[in-house]
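To keep things simple, chains are lettered A, B, C, D, E and F as they appear, and every chain counts its residues starting from 1.
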């Protein structure tokens, strides 16, 4: 199976579903990850251009930790919008390249606009990628149509306002998840050294409570996107 | 009474509420239908410009089957957005021309972005149409203000995620509904011949289950839009 | 049409739906009202047995104000439960006697147990009343089966936690509603004289806001009970 | 795996989940079915005692059609309540005998009190069955504790008010499901001959729409019971 | 202020709200705790009568850890029901004795019947306690009416299905909470020694995630009971 | 404490939360109000440019009535969108200038697009205002970062579709609220003289019902925005 996970910032997928993605890889599936925003505003000291490059590298390293292919759409922080045709085109290209059997992305009521727009841009891109007459030039140049496929929403940050309907046991991949998250040094180190926040503990603790909820040591929670063409009569989560 | 139904693609209203619209017409009401997207990406072989024309004709024919007036806003598929001022202007013109006592449109959580944007564009257009100082030139040229009126949401495709609060018995108009739907040959024939999908059976079957839910042979389900200026103390559905 | 309204305490229907019931009567329909609890604990000074009689009389007087037939199930306050077979039997008798085309009752999440149990007892009684082999002796004695019919939930006290999906314009019957409510002197007078609460203002004000919500001077709000055999493809509210 | 399905009336499971149960059996799992009410009021002509026996036989025959073990708790129609200690004891015995890895039952907001009480009685019975010191005499006589296990809610009648979060493709077992349902001649024949209702068409049509919703020819819809000790990190549905 | 917390089993309040209760005590408020079930079925080896006594002592000790007054209604496990008049009478006595300004109890959709019934019995008892003519003999013997007061629902076990609307920072009382929980040796020790479950870690971890959600080291989550006479225009939580 | 309230049209905050804002001021807090749309289409006779100026003055006067600082973002009516970078920049400037400890704004499901977009633009602006590298030139010119802070949603117009979770008693400030609302003569007078609508009665009546719901003479209702970084373990409402 081919799985595509689309997050907003360079560390969002690590927080929300990297345990699950690592498990997919271990089971022999092909996983692609894509961050839509480049994270260029996510630091107090490092300036935008430099940070954008650093965070791309951190995300690439995190993807390699779990053995996922890494894509970026490279929108600037705070400027992600589903109305951006070019952003949607680039996201649809990622969908066509990765040919997913299922997609994981943010929840529709997530905590900031860039996250919500990422979901909505993905919805637009997912339909675009499936239409043979969309972006005809790219098609002539060899791009392949990607069928509309099921979508799962990963947990929100700290689980606020999110009631999972399905769980994935990540007891075997929690350390990989945290190792991948730790690649985001520009975020993790800063928070630890300057704000006294241990973000790895935060994420471990949330995964542990999701585990308690479903009888596993560690887990991640998901909700299926209940829409036409998105539901299927089998479990796609590992 | 004057009823305006606003759907996204050329066949969406046929699927969601043409039984009800046909019933309105039979009861002597004046029905206008409007599709916002031109459906130009909805085929595997027919190219965009040609398809756009074909689908306009199919929609016009479907409207004539039930005796409705036919409008189109002519946005390109995948590019419907409530942020498009020109699209909203054209939609507001349709509202002002049709002077509706009530409007039927998509559900706010529908399955694709173009559908959701159609609803949101309609909300914007509906307010715009009611304001005497909006589009002053058009007003001077004779356009009439149309009061804000109640809105009903029609069912989603296959009924996913939609719990109707009101039903319309379409036992007497189910065949008209299907006849109108069958006008969309570019869609129906293709699905039947190439994908083996009998879309007419799909729609009949969904109408039948909505019928079983309310004690009719066939029915369509709706939800009132619960917002200020939209609620009324009587039933507007036929 | 025949309408049965089932409330818990002797004044609950007056507060929640007497404007609507009065309108039904004015339109020529036949309205029956029934309170399940006898209200025997609803006073600080008047003792239970005396209060039970007073409140029955007050309710009977209120029913006569709007021209409704009056029933009582006579359960003691705080002891209403859908598990009480005798209570359900008496309630089913009321259903069979009144032969309703539709029923109005409390909301399923109402604010106190007696109200919720009234709804649940009614559900049980409504099915019981429809079965020819239930209470065979009563049947032999002439009781008639009453078909399962649609149910509407009236507003909660002060509207808390209740979002109406349908409204009834009671501008023409608001004074009758308040006149009927005023019959409950044991409640209204006590609150006014000892607690300084003007309950008639309370109810008028709530009806006024429901009116503002649907464009009427005064209104009452309702929700259809969305269950099999309860939905219908037309409006039953006046 | 061992599956226990607990329905209220003798034909409720057939309508809601027999396609899924048949599929379990075909996959080699062990399926037990149990109806809580004996259905003794479900006919216009046949009297209670006789009907109770007929319906037990019909249910037994239906169970044998799909190869399920058949239990009955034998409560009288309209008298199912989770407060009935004896009913709960008998239901807990069924749980202990069938030792389920998962349970399927009614939805918590189902359309009649007996169905809702069946769910609540099952919740009570499921905990009781898991406690070593509950019904000590039965334990001494050899009854085995049955662990608390996940619960899935099957669809409501006609799907009213129910949004499935998981689907089972029953294309291969729809005919078996209908064959089992047809065993309930006291219900099916009566409705066909006297009320002109084709209940088999009703159920087939609902299964077809659930199929359209998830991309299968026929399907049944379910919701997991989201409670502590009930969630698990894998799919238990077939 | 006087606070009454009513839980089902002897350790439920400790898990759900003892951090908050300890904080109330530290702020000078008067806290009463009451468990409705005696927990007599909550062990694999210790028999019912002995366990009932042990658990009462454990609960009393836990209450003394935070300085709360301790009550018990002493219903048997699995037999808690709001229909039990005697249980409700005893619970109303606790309400009248403790004269609460607010009450904390289980959530209405909690995971097992005894918990849900505890909430419903409390609702009934709370109204009963407020009525001067309820339990007249007790009144004559000196019992005082207790006014209807606001109710808050504490978190569910592991937070499943519960979205808090208000939080209490328990960073200063988390250790007291865990110390009180640890008093329940019959539960904690057994789980640790025989099942390998560290329940103290479970509760600490859940409190930590609730803390992450509201910016505190540790927190407990609550939802106000949105019903007439229960809402107030100020925060009652500490 | 510093409070920022962001409404769409010049009178929206007055209707939704001016009683609460006046109370904040009386308690010594610092309140800033900001309207995003300039209200230039809100009249039948007065033309856009003139109306824009009139309404700014009316809003400024209303703010001075309660002692609040007044800001305007000056977007044209019907053209408010969270995708407008310049609008978001101006709104973020207001956030940075007012340095709020909490923000009050519209509900996410409000009745018209401009209101919903105001909320979404605020979400974007609130994050932007908190990032040191956003709008660097403004930062160099002295703008100060404003931390992400809790958000409360005020009531919808007439309370439609809104269930408050927290209330503020505005009995002491209801007259100030109405006095501030009355400053909007272009709206209030027109409605009274030409449409026969007494908008002050409308608002008073809605505040009275919210009061009845929480035991106050007059009240305003709110819902906390349940998102990461927005929740706090104390009440911020007065």
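Details
Going forward, a residue touches a chain if its C-beta (ideal position, glycine included) is under 8 Å from a C-beta of that chain, and two chains touch if they have at least 3 such contacts.
Given the structure is predicted, the values throughout are model-derived calculations rather than measurements.
Counting hops only between chains that touch, subunit D reaches subunit F in a minimum of 2. Think of it this way: of B-D, A-B or B-C, only one pair shares over half of the E-F contact pairs by residue number, and it is B-C. Chain centres here are C-alpha means, and the one lying farthest from subunit C is A.
Shared numbers divided by all numbers used gives the overlap of an interface; between subunit B and subunit D this overlap exceeds half, so the copies present the same residues.
Subunit D and subunit E have CA centres that are 35 Å apart.
With each centre defined as the average position of its C-alpha atoms, the distance from subunit B to subunit E rounds to 53 Å. Centre to centre, using the average C-alpha position, subunit A and subunit D are separated by 39 Å. Shared interface positions of subunit E, i.e. residues touching 2 or more other chains, are given as 83, 158, 160-161, 163, 213, 226, 228-229, 231. The list of touching chain pairs reads A-B, A-D, A-E, A-F, B-C, B-D, B-F, C-D, C-E, C-F, D-E, E-F. Only residues 40-44, 47-48, 77-79, 81, 83, 110-114, 156-158, 160-161 of subunit D touch subunit C when the two sit together in their complex. Of all the residues in subunit E, the ones that touch subunit F in their complex are 163-169, 213-216, 219, 223-224, 226, 228-229, 231-235.
Looking at the complex, you find that subunit D touches subunit E at residues 82-83, 85, 120, 123-124, 127-128, 131-134, 226-231.
Subunit C contributes residues 158-161, 163, 202, 205-206, 208-209, 212-213 to its touches with subunit F in the complex.
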